[in-house]
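First chain written, first letter: the chains are A, B, C and D, and each begins at residue 1.
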Amino acid sequence: MTIKKYDEDVSLLENKRVNGKYFKLAFQSANLSRNVQPGQFLQIRINDGNDPYLRRPFSYYRITGKRIEILYEVLGRGTEILSQKKKGDVLKVMGPLGNAFAENLGKKKRILIAGGVGVPPLVFLAEKYPTEYLLIGTKSKAELMPKPELKKVRAKILCSTEDGSYGTKGRVTLLLEKILMDQHPGEFFIQTCGPKKMMEAVIAIAAKYGIEGEVSWDESMACGVGACLGCMVKTRSGLKRACADGPVFKFEDLEL
Amino acid sequence: MTIKKYDEDVSLLENKRVNGKYFKLAFQSANLSRNVQPGQFLQIRINDGNDPYLRRPFSYYRITGKRIEILYEVLGRGTEILSQKKKGDVLKVMGPLGNAFAENLGKKKRILIAGGVGVPPLVFLAEKYPTEYLLIGTKSKAELMPKPELKKVRAKILCSTEDGSYGTKGRVTLLLEKILMDQHPGEFFIQTCGPKKMMEAVIAIAAKYGIEGEVSWDESMACGVGACLGCMVKTRSGLKRACADGPVFKFEDLEL
Amino acid sequence: MKVDLTTRVKNLVLKNPITVASGTFGTTDEYAGYVDSKKLGAIITKTITVKPRAGNPMPRICETSAGMLNAIGLQNKGLEDFIEHKIPYFKKLGVPLIVSIAGESAEEFGELAKTFDGMKDVVKALEINLSCPNVETGGVNFMKKQERILDVAKAVRDQTDLLAFAKISPELGDVLEIAGKVIGQGIDGISLINTLRGMAVDPCTRSSRIAKDFGGLSGPAIKPVALRYVYQVKKEFRVPVIASGGISNAHDALEFLIVGADLLAIGTANFVEPQATLRILKGIEEFCRKERIWHLEDLRGSYRPAGEKGEGYNR
Amino acid sequence: MKVDLTTRVKNLVLKNPITVASGTFGTTDEYAGYVDSKKLGAIITKTITVKPRAGNPMPRICETSAGMLNAIGLQNKGLEDFIEHKIPYFKKLGVPLIVSIAGESAEEFGELAKTFDGMKDVVKALEINLSCPNVETGGVNFMKKQERILDVAKAVRDQTDLLAFAKISPELGDVLEIAGKVIGQGIDGISLINTLRGMAVDPCTRSSRIAKDFGGLSGPAIKPVALRYVYQVKKEFRVPVIASGGISNAHDALEFLIVGADLLAIGTANFVEPQATLRILKGIEEFCRKERIWHLEDLRGSYRPAGEKGEGYNR
């Protein structure tokens, strides 16, 4: 059975800088917002024409009724151009794409570790499902999520900055290790998304403490639908496509 | 001696549709407006990046102090994108480029024949220098210049439409021939710009009546400064560059 | 009035000229949520090899100006998996299937050809991938040598009377020479162009932006080069041609039709616009209607060579 | 701290690696109103032929995706005019001049080389244009044949000890093979790539958008292909290389430097941004400063081949 997918022209409701790091973009779409789960993503065509050419993948950040929000960081040409779009500008958006983070963790407590462009899907997750901890790592205070963006999150939010300008000084994995050392690691289930080095460190820590978890492994993508084989992830059951078989994978399945 | 040329970022003061055919765009620049004469043009970079890639040439349409106006027709991708620019958007503009129409015609009376994208420079000329006739040809009434745009022209303005929906029915060259037949052809000096077929017909009529004239021969351009040799015009004194040696040529110099 | 888009390639009759370029439309139903694949004239599969191939390490793709580089490395699950899991899907779909094949030796090409010869209810043609520029190890790159190309052509021809297209990349050498030679071996048509070999460097890391030094360049960037080769091959040999190389919209597609292309394989454009194929099909139809062309055949190959236009300077 | 951009090409010392690609910077002072040409490392002239050439009919250019096609056809006023009217300009300008030459026979190439050999106060090197893909008539296209290329290389080498670069287009055949052969004839370095042959059709008129069937494709579209050839030639032969092909910004320029290019010839980008050359120069300097590279030589050729990066899938 073929699941109907959508590729729609949406008109921007807003697109503005929220802090030193992120921009937030919002639009409305019934089809693109229906039954969406945290971890899924959209493929956005930033411009008609060839510059930039391929679409860019962005996680769902928040859904309120039909309103969809994306939180993004300007990292290159595509996101630079995206950040210049104005209210009323039209974008073509495909979705919903990919799988999602586990919602129901049974008796386990959810602990989320987020960095960089991995923050949006995990905030979405923390807003939607019971969460014990949301750990966020940034370079400095300037890149922290602004308070209003986190106000619906009921988890304990801990931050680390590499330069110590806010929260704990150092990597976000320090926060994780501290929690695991102080409490019963076996009670937790980790979900993480962020820079590869961070995710690898989180997976290593999980292995050390024997904890299960999931990672949203974001590879560069061309098609976003499993057609080009450009975004492979090596797993115990062979090569998988981050876009179609992921982006969420169990720690134990990955072969790093 | 090297004449200093300018390549400036300008911010749009306006960019709007004036009728079924033309858009009008305006910006301010001291350097780009200084000592400009009708017939000269600008090279506009429509987007940063590669799409579209080359600049597009546009004639000066009107200069008021430092305010520069361009009148343009949406003909392809570049002008389509240009037409979507909004007030405040920034464009890169090179100029002033090319030579100009003769201002001083001695005892001769100026008769201008314009069509399509050749209208703007001739309206500029008619506003600036004494002109007897301004003949404009269009397909139908919908593409006529709106009255307010012509209010500063003190010449007799005659229009022809191919479908007869306004003015004389038929080609604009009919109007020209009528004037030349009714009056003393020897008193006139023709200046023309528009589709190639129209310009060729005008030149043929001029030859028939033994009248002198000038044509702004608009070739597709890449560099606009005489460097690429992409815009050649065959003249009695050899190949000339429309952008740097023209765009204005004397009828008698052209070898069609 | 309806425009007749029927496209005949020797004895194969297709309802229209639109197909998908190998490796750009998934393995079966990846695009099924977006396009009704039943409306395509034909489907070309991702290249199939005898044994499964893991392909290249990551990253495999990066964007370039109006295009992309890929170094997928012919990842596929191999012939057996294809027959067991993919053929049934295409059988049910009912769209004429063109299977792209690559071997590490002429024998393997022969084996693949023989296998598909036995599936003529589903498989209507073969595309012999002579040119994947990303496979740099061992076997497949032996293709560089022209004699080997001929061995492959012969091996395929010996094993099947299925319609066979040789897919050529300019990277292989003189395209016209190679085309002539494989046609001489009884190959029915030519598919071109495959990607051009290209490179992209990250100045900060001083290394390639993909995990290989080189990748295959595709997308609008290569369209002028593709168009020229399609024209040259068609003009020289008058055999069926499958065109690919940056076809992204109806305008591009019309250009290829006008220089004589029989099939139009939409490639990278699928990634950008999943509905590219059918949008292009619609655009071709609209153009024909506007120009009052009721049979696509009347447009195909209607190119007027430059000499005929008159050579005046000032027009 | 100042970054030392000095670029040494055998015994020629240039203040920086930035030059302009033949045919894209006018014949003398067309860009003088926009850029201070004195700041360029070198200037490469439009190709000079012995006799004046009128070039091709109009239209000669059209835009394509991230690039353009041109069929200028080597229009130039010939050797005599060049010596009389252009050499004095360049003499006064004082920027090292690289004269691009093309002949209709090996003898003509030799004649050109001999003439410029006598002007070493102004002319510091020759670029032998082996590859203009737009000249389709008679003489110049004899180049297709490789032996003729060697005759040309020899003819030039026999007539001058000026630094000589052979400019090669992939259209000529196997680039590495040709490069190897001309180097074998004593040619000092290679300039590449010239444009790729391409085509663009206007569907409404069913004819080429330029007055020839084919034109040369230049601009960002061809950059990945150019980068790959520069890398391959540099790696194989370690001779001086002048790189051109879509260099439009500092990022592009850095890519070419990292794979080993000696000179960076800015081409089509001049048309889009008359100040492209000096902006790129500034960008290279800024990058070096940021990366604490004080001698450009430390960056040049610093490419780390793909194998060395580790081949894990998931990174």
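Structural remarks
We take it that a residue touches a chain if its C-beta (ideal position, glycine included) is under 8 Å from a C-beta of that chain, and two chains touch if they have at least 3 such contacts.
Predicted model, so just to flag it, every value in this text is computed and none were measured.
Common partners of chain B and chain D, by the touch rule above, are A, C.
Farthest chain from chain D, judged by C-alpha centroids: A. For the interfaces B-C and A-C, the C-beta contact count is higher for A-C. In terms of their C-alpha centroids, the spacing between chain B and chain C amounts to 46 Å.
Chain geometry summary: the mean Cα position of chain C and that of chain D are 33 Å apart. Once the centre of each chain is set as its mean CA position, chain A and chain C turn out to be 36 Å apart. Look at where the CA atoms of chain A average out and do the same for chain B: the two points lie 54 Å apart. Touching two or more other chains at once are residues 50-51, 232-233, 239 of chain B. For chain D, the set of residues touching two or more other chains reads 58, 65-67, 219-220, 312-315. Taken together, the touching pairs cover every possible pairing of the chains. Chain contact summary for the complex, chain A toward chain C: residues 2-5, 7, 45, 50-55, 92, 94, 219-233, 239, 244.
Taken in their complex, chain C has these residues touching chain D: 57-58, 64-67, 69, 170, 173-174, 196-201, 203-208, 210-215, 217, 219-225, 227-228, 231, 246, 251, 254-255, 258-259, 287, 291, 302-306, 308-309, 311-315.
Across the interface of their complex, chain B is touched by residues 65-66, 312-315 of chain C.
Listing the residues of chain A that touch chain B in their complex gives 47, 49-51, 77. Residues 50-51, 196, 217, 232-234, 239, 254-256 of chain B are the ones that touch chain C when the two sit in their complex.
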